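Below is one structure; the comments refer to it alone.
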Amino acid sequence: MSAATIPTAPRAAGRWVLGVAALAALLAWPLLVEDEFIQRIGALVMLSALSASAWNLVGGYAGQISIGHVLFFGCGAYASLLGFTWFEWAPILGAPFGIATSLLLALIVGSPTLRLKGHYFSMATIALAELARIVVVNTPALGGAVGVSGPAMPRSVLDLSFISPLPYYYIFGSVLAVLLLFTWWMSRGRMGFYLRAIRGQERAARSLGVPAQRYKLFALLVSAAFTSLTGSLYAAMLGFVDPDSGLGILLSVKMVIAAALGGAGTLFGPLVGSAILVPLEEMTNAAFGGGGTGITYVVYGAIIVLISRFAPGGLAEIWTWLRARGTRRGG
Amino acid sequence: MADDAPLLEARDIVVAFGSFRAVDGASLAIRKGEIIGLIGPNGAGKSTFFNCLAGERQPASGSIMLRGRDVTRASPEDHALLGLARSWQVPAVFDDMSVHENVMVGAFLRHPHAAEAAAAADQVIDFTGLRPVARARSGSLGTPARKRLEIARALATEPEILLLDEALAGLTPTEVRAAIDLVRQIHARGITLVIVEHVMEVILSLAHRAVVFNQGKVIAQGAPRDVVQDPGVIEAYLGRSLSRKPPA
Amino acid sequence: MSIARRHLLALPALLSASPLLAQGAPVKVGTLLPLTGVAASAGGSAKAAIELAVELINTPQPDLASMPLMATSGFPGLGGRPLQVVIADQQGSPSVAQNQALRLITQERVVAITNGYQSGLVQTASAIAERHGIPYVTGEAVATNLTERGFRWFFRTTPIGPDIAAIYVEFLQSARVNGRPVTKVAIVNENTEYGTSIAEVIRRTAEARGIGIALQIPYAANSADVSAQVLQLKDAQPDVAIFISYTSDAILYARTMRAQGYRPPILIGDNSGFSDDNFVQTAGDIAQGIINRSAFDPSRPGSNSFKVNALYKARTGREMDDTTARIMQGFLVTCDAINRAGATEPAAIQKALRETNLDAGQLMIGYRGVKFDEKGQNSMASVLLVQLRGREYISVWPEATATAPLQLPYKGWE
Amino acid sequence: MILAQVVLNGFLVGAVYALFSSGLTLIWGMMNVVNFAHGDFVMIAMYVAFVAFTMLHLGPAIFVPLAAIMLFLLGVLVYYALVRHVMRGPMLAQILGTFGLALVLRYATLWVFSANFVSLPENLLGEVQTFAGLRLEPSRVAAGLAALGLTIGLHLLLTHTALGSRLLAVAEDRSAAMLVGIRPDPMQALAWGLGAACTGVAGALIALFFYITPTVGESLALIAFVVVCLGGFGSVPGALVAGLAIGIIESLSAFWIGPAFKDLVVFILFLAVLWFRPQGLLGKA
């Protein structure tokens, strides 16, 4: 990188120490906590971070706000469980087919929808996901409204049917690590710059020779593949998917808000967002859900409102601000 | 490509908005090394014509050749690849990126690897005098710096021809002089320039050839000083403003 | 003020009353219900019923002495230990249902889990219970496949699709429209799992017994408008229209049929939406004579159903509907098994559940009894038909158990 | 005859769609702020009508304006307390903030009123009328007329008044508007107030014939978003046209193809329109 962007040696060293410590903490904490419910929340954080990070490629870096990513999630989830229903495969073996279907769908719908600007694009993605949901609901071969199930009893380890949430945590975490490494590599190279330029001013980017349509489509393809894989992993863990839980609009929105909360278009934003949202949702539900008063969502919603009110750019904004302050004080 | 062939040539360009012909059969040939000034009253069609040249808009009829290739229907990114760069009337910098990163986006066109692009961007930043703000978020810049950044970003694509759309509008006289200097230095690097400008001073002091638009047509072209004395031009456009003696 | 508020007020009284009578550490039972999301209204009713059940078990109820655990306080089989329920919100999500099942098992250390509401959620939540070896009893989920999974810890007290279809078809075979047998039947079903599966089993059963389904109209639940379906029926003029809907659509159908002036000779509204007291209160006056299936007939004074309903009404101001009653019955069966197990070990409770053998008199609902087959399905579950009169459903069929004679044709708003 | 009734019902449903989209046209379409809580604004207005009728014994002539006023205040409050700050950030922050707001409104209502379904008597505006064999519900006709009235009113406000041009100026370019001496905050707050007030009228009228429950907004909101987008952002008449079109298409496709597929038809047509007109039906290119 250029002279201007090379961090000074002590800061680079500090960053390495911080990174290694964070990684160690991420790897070790579930082993130190014995509570399975907490471990499971950890696994769900990873799952949410996976889908939000996949979304982040298109929605964050390229700035194309898709609210229909559940389409790809559903492809993965359904491919896994249909593979079992039709051929008695271990659910995870359906994942490649889910990814293939997602890529195909992304290719077909990507070109026309990525032409659309702003809200029109978002609405088109919603419409596409809803279309998929309605088609599945009305297609008995795809499980219809009833949904499809995985193996009731684990047959082999390949079924990924574990009593403890720990294996899920580490499996999801490893896939997330691959995705984040890719994102990191991408963000530092031409593609990352081009996607951010497209987000900033697409017309200006194109005048600088950025083939916007091609890059957006490529981002969508990678994003779709990882979102689909997330769906397959989800289905393997849950052993059940129906049109609402696999293709419902709420899931798309949750990918968006997890990324937005942590900071869209940043590497760790979706992970940070998920690490806040998922435990918050589960904890408020555990604490207040049984009361039946809805206070669960009042608290959950209010915290989201407060974050958006005080850090509209996501929590990454606070981080940048703190770092800027630190630099100023240090320098 | 023969040396005497035009670098960029537009023939009989027509752009219609409904029944209104914004550009109505305009033609223009630009040779390598020229500085062309496009002038004309508001709504004369010069901006629309400019956007056709830049590949931003496709004409209803007519053809555009860039370095011997037909680019009438080519995308803006293909224009960039062929060595045409532009700035925008309303600066369109990437607000969330630093100045250096903005310039890198342009540099990536010829330097696919990040390290090379960064080095190339550094050179352009030094050339355009943006070094002091290189690390700043470009969204925080004022208008003069944004305009300069636009030019820097365009230069980073290493163009043969640079199209500037009112790059000097809204600047103070001091800033205008600095900008004129920059344009001269760009030209000195062998880059052909097309400038759309309202400020006559700029056209008169920079342009080799002025092209006057009125009602979608090219009504006159030639040396700026001759053109501004053309009676037809005076009547169509310059009118009162010419009574003021242009500065030397 | 709202009913939710009243629950809140009643709760402290309940908590402070029970320890006085029962002794020892409470035995925890978990219950999964939809307390937020589109099914929240049903979940709210069920929650009130579960809380009533806890109160009934923990305090002596001589009036209900024919039912297990009612005459005593707490669990006599466990030295009088009181019952404590931990209610969790599954939020209508299969994933949350699993999370909450896991929380109930690992954090709350419940000895059994009950209910769950939507079949898909019961499926995922019970898979967690199965892996952890904790008994799971559902009182209301009807999807047939739930008891086909070979689970050893899963039990179901409610009648399922085939039982439901059988009673409808038997009724249709005996019913007369203008003096002739029923020939033309139309089904309008919401197209999620509930509506689809019930419609399917009715169609199969009816066709097997020679009654053709002339028209089936699946529709998407929570529609803003249902007039097209009503007009389709008006056009087709079936002898019988069977609606399978959730509460929101049930209300809209009743209103739209009135607006479009459509009344079939026989109108059947299957359970869920049409049983919901919300439907009866908001649209009952314009749906007079609608026929519903139910296992719960509180219209006969002196019966357990009547008494439980009266207690529920005193608590909530509303009638107990069939779904709520089936949920409560499932919960009571679980508690009876825990008591008979004489221990809180899951295996003991599982064994006691397998040995369950309750007769009709020991239930608060109209089943012939509760006895689980090898798959965990209650083989004695049964259904009867009820008809809306005023704001009450009265049992009308089979005639042997009916409180009042059937009235045809359908009156609607007149 | 049946077909005529199908089309008429579709038309009236379409008018309802247009009605509950009218407020969104202003907030999302003109001011370019995403409002995920729109459906819940409608829901709040329905509860205002319900409380006014059952507890205060007020008729529609009073509770409709009352809902408009209450929602106007809610809109202004939401603008100053939340939206103004959220607008500093990217568009995503609006999704985040209004999504959270939607949850708070929806479940605070559930807290107060419980999840039970309630409704107003269906004959508050009179009994069903029959004209030439066609059946008309007065409450739905009122909703249709209100949709028309609100659309025309909003359109006139935006195109024919000084206030309207100031609103548009702020929507177009906040900083440019400041340069010509328009204070953007009061204008934006006013837009939110007006948008919410339209929503208030819509909710109170819809309450006349629909059931009321805290989650009712959820099922209505998506259609409102499609209506505004299909009509074209920034086009008030577009939303009316789009609403009516969707209503009629839904009704006909539900009758002919089946109600399970009516949304399928609507979404396919929606995507087709975007394919040929990426700016919506009446939007500017």
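All chains are identified by letter, namely A, B, C and D, in their written order; residue positions are counted from 1 within each chain.
Definition applied: a contact is a pair of C-beta atoms (placed from the backbone, for glycine too) under 8 Å apart; a residue touches a chain by one contact, two chains touch by 3 or more.
Just so we're clear, the structure is a prediction, and the values are computed from it rather than from any experiment.
Visitor: Over the chains that touch one another, what is the least number of steps taking chain C to chain D?
Guide: Minimum number of steps from chain C to chain D: 1.
Visitor: Using direct touches as single steps, what is the fewest number of steps from chain B over to chain D?
Guide: 2
Visitor: If you average the CA coordinates per chain, which chain's centre is most distant from that of chain A?
Guide: The most distant chain relative to chain A turns out to be B.
Visitor: If you tally the C-beta contacts, which comes out ahead, A-D or A-C?
Guide: By number of C-beta pairs in contact, A-D is the larger.
Visitor: Any idea how many Å lie between the Cα centroids of chain A and chain D?
Guide: About 31 Å, centre to centre.
Visitor: What whole-Å value do you get for the distance between chain A and chain C if each is reduced to the mean of its CA atoms?
Guide: 38
Visitor: Express in whole angstrom the distance between the two chain centres, defined as the mean CA positions of chain B and chain C.
Guide: Here the centre of chain C sits 75 Å away from the centre of chain B.
Visitor: Could you tell me the distance, in whole angstrom, between the mean C-alpha positions of chain A and chain B?
Guide: Between these chains, centre-to-centre, one finds 42 Å.
Visitor: Quick check: what residues of chain D touch more than one other chain, meaning two or more?
Guide: Counting only residues that touch two or more other chains, chain D contributes 107, 110-111, 115, 214, 260, 263.
Visitor: Counting only residues that touch at least two other chains, what does the list for chain C look like?
Guide: In chain C, the residues touching two or more other chains are 4, 35-36, 40, 43-44, 191, 218, 220.
Visitor: Among the residues of chain A, pick out those that touch two or more other chains and give their numbers.
Guide: In chain A, 134, 137-138, 293-294, 296-297 touch at least two other chains.
Visitor: Touching pairs of chains, all of them, please.
Guide: Those chain pairs which touch are A-B, A-C, A-D, C-D.
Visitor: Could you please specify the touching residues of chain B with respect to chain A in the complex?
Guide: Within the complex, chain B contacts chain A at residues 54-56, 75-77, 79-81, 85-86, 88, 92-97, 100-101, 104-106, 108-109, 112-115, 117-119, 121-122, 134-135, 153-154, 156-157.
Visitor: Touching residues of chain D toward chain C in the complex: what are they?
Guide: Chain D reaches chain C through residues 2, 5-6, 9-10, 13, 16-17, 107, 110-119, 122, 128, 135, 137, 209-211, 213-216, 218-220, 223, 247, 250-251, 254-255, 258-260, 262-263.
Visitor: Touching chain A in the complex: which residues of chain D?
Guide: 28, 34, 36, 81-82, 85-97, 99-104, 106-111, 115, 214, 222, 225-226, 229, 233, 260-261, 263-264, 267-268, 270-271, 274-275, 278-280
Visitor: Of all residues in chain A, which touch chain B in the complex?
Guide: 1-5, 188-190, 193-194, 196-197, 199-201, 203-212, 265
Visitor: Which residues of chain A touch chain D once you look at their complex with the stated criterion?
Guide: Against chain D, chain A makes touches at 59, 65, 112-113, 115-120, 123-124, 126-128, 130-131, 134-135, 137-138, 249, 253, 256-257, 259-261, 264, 293-298, 300-305, 307-314, 317.
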